[in-house]
Amino acid sequence: MAMLHTVNKSPYQCNTLESCLNHTQEGDVVLLIEDGVYAAAKGGRAADALAAAKGVKICALSADVKARGLDGRIIDGVEIVDYAGFVDLVTETDKTQAWL
Amino acid sequence: MAMLHTVNKSPYQCNTLESCLNHTQEGDVVLLIEDGVYAAAKGGRAADALAAAKGVKICALSADVKARGLDGRIIDGVEIVDYAGFVDLVTETDKTQAWL
Amino acid sequence: MSDVKKFLYVNRKAPHGTIYALESLEVVLIGAAFEQDVALAFLDDGVFQLLKGWDTSELGSKNFQPAYTALGDYDIQKVYVERESLEERGLSEDDLLEMVYEDEDDDWAEKSSIRIVSREELAKIMQDSDVVLSF
Amino acid sequence: MSDVKKFLYVNRKAPHGTIYALESLEVVLIGAAFEQDVALAFLDDGVFQLLKGWDTSELGSKNFQPAYTALGDYDIQKVYVERESLEERGLSEDDLLEMVYEDEDDDWAEKSSIRIVSREELAKIMQDSDVVLSF
Amino acid sequence: MKLGIVVLEGPYQHEAADTAYNFAVAALEKGHEVFRVFFYHDGVNNATRLMVPPQDDRHIQQRWSELAEKHNLDLVVCVAAAQRRGILDEDEQGRHGKDANNIAPGFRISGLGQLIEAGIQCDRLVFFGD
Amino acid sequence: MKLGIVVLEGPYQHEAADTAYNFAVAALEKGHEVFRVFFYHDGVNNATRLMVPPQDDRHIQQRWSELAEKHNLDLVVCVAAAQRRGILDEDEQGRHGKDANNIAPGFRISGLGQLIEAGIQCDRLVFFGD
């Protein structure tokens, strides 16, 4: 019973990612979209919190990564997926929760 | 040369108030409006940060305080002002900066 | 699969600042007619939606707080409120609206719909739901 | 009071997530024609507006980053970027767009418009301005 | 699979309107059924045919309308949210005595029950908002 | 004093639209001049005459229009922001070959220069947004 969580806010501005990670279960997937992708940028303070997340798979949406100039700047362990991959994540998990 | 700063985000969700307080100068006024008024609620974690702000006057907009059920729950040292008071703060200071 | 799904409405935003709280409530009221298994979750700033004593007259907008208390009439019986979110905001159950429903299995006794749950419990409730509606 | 006011555009939001960055830039471009003293400030997530290398093709929206580099042609010479905001995000000046203007007092030499300033300096710049436009 | 999509933010103002569209396109390309796209909150503003974006930018309403035509999509605009924000079809125009309407082809106005129904019928319901 | 007001968010969706209005009323009551209210970003959506809010709720467009009439206020809607979002007057309707317009009485569509001018002319400029 895995769940897909989407997070669309910058972790530097909002606590959305933090709250999401506090409610994930082992086997869940967190997909960073829109301004949420900044969490996975190398060298940033937020990247540490993300790297510390245990038992969940972290993905980031390529369209948003590229739009923001973060191509090549994403930390190891975060999988870049395109929109087709986003759709796959939705269908491969049992349900989706948007952390708005 | 005092400045009025308006803050309209909840400190529990966003870092807006923190960023504002990092940029105020002695004699400035910070007016909490909309969801910003939650910062001044008694007993909340955010109230401590607010109470620690030095050299600035903190106000909260009564319409927003009342709408949220915070009447009587605002910490000491925060002045409640109505919209007329908001206008006075704008005209008594030299300029206004909205922390959006 | 049964025809009844578990709907969970997740409310994480403060009221008034944006329309999310109000328009979420409107979905709940409509959705109640669909005979699904409905639960509401309030966490983060969403717990402020249940803080009692709103007076919106000076703000000039509609006070929709009474609609929360009416949820029991729509047979909404499960209102989960996260303890950690309350504590962080200096709130306890006494600060919240009274929300009750009549339990048909217990001679229609009036019972509180509000269930204070830990973060861990709420995470499980999210997992156990079939459809998560986020506002 | 002189006819020239000090306009400060304060940018605190990341690009793309909302329209604030783009529509702020559109004001700056129009405002440049008004012969006021114009400065731009980037702090908090606003510094991400200047992170180079945008490619919006997959997203499908317009890439408006070239307009930032064109600001020099509009005689915008003062672009303040907060050091603390950069550091927190693991960024340095090398990661930012090149933004230049031609200095008419120095034989039209091409100079960088970007000035990395401390939080304290930026607070002073805010105080010294006449009109703060927040986006 | 049968997917439902919910859009809570308006065009251009918030990226959610783009993400939802791009997600819908990708889902259709992968052969999934998009059972319904439900526009709520400011999402209803995606449905106005009066928008005129700059020529070098995307036309958010038009691409929804075209996608709907191509794939026979059900684009539903919540009536209560639409009324508040001034999105009307001819029926609504008449009912409220207004002198114009602005809904675009391919969108229809209906009640919140359509959102609940999508939750019941769809294998997955995905929200895009602020 | 001469005050300018800037509104960046749409009606009902965000409280900024209410705060700006209440502030304008209070400023006028205190005898200040409101030089201009400038609607930008989703703020332009305050200007649609097609909105039909519930009868027990405030009518955000109407109260702006009434305030404008009473105090001869200058309510300016940014043309670029309005085009993107589908707020048109008769001129704009004609220019873009649209079949309807939706701007309310008391609002006028103009350029961003009107915002800069407000910054120059006003003693204070106050922003309301997200």
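Should a chain be cited, it is by its letter among A, B, C, D, E and F, assigned in written order, with residues numbered from 1 in that chain.
The rule is short, and it goes like this: a contact is a pair of C-beta atoms (placed from the backbone, for glycine too) under 8 Å apart; a residue touches a chain by one contact, two chains touch by 3 or more.
Keep in mind the model is a prediction, meaning the values are calculated, not measured.
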| item | value |
| --- | --- |
| Lowest number of touching-chain links that must be crossed from chain B to chain E | 2 |
| Interface composition of copies chain E and chain F: same or different, split at half | same |
| Approximate Å spacing (C-alpha centroids) for the pair chain B, chain C | 29 |
| Distance from the mean Cα position of chain F to that of chain A, given in whole angstrom | 38 |
| Interchain centroid distance [CA atoms averaged], chain E/chain F, Å | 25 |
| Residues within chain D bordering two or more other chains | 13, 16-20, 44, 59-61, 131-132, 134-135 |
| Per-residue multi-chain contacts in chain A, two or more chains | 8, 12-13, 15, 34-35, 63-64, 82-83, 95-96, 98, 100 |
| Touching two or more other chains - residue numbers and ranges from chain F | 8, 12-13, 15, 22, 41, 54, 80, 125, 127, 129-130 |
| All chain pairs that touch each other | A-B, A-C, A-D, A-E, B-C, B-D, B-F, C-E, C-F, D-E, D-F, E-F |
| In the complex, chain F residues that touch chain C | 12-15, 18, 21-22, 54, 56-58 |
| Touching residues (chain side chain D, partner chain A) in the complex | 13-17, 44-45, 48, 51-61, 63, 88-91 |
| In the complex with chain B, residue positions of chain D that touch it | 10, 12-13, 20, 43-44, 119, 122-124, 126-127, 129-132, 134-135 |
| Contacting residues of chain B [partner chain C, same complex] | 8-10, 12-13, 34-35, 38, 41-45, 47, 62-64, 66-71, 82-83 |
| Chain E residues touching chain C - in the complex, by the definition given at the top | 6, 8, 40-41, 80-81, 111-113, 115-117, 119-120, 125, 127, 129-130 |
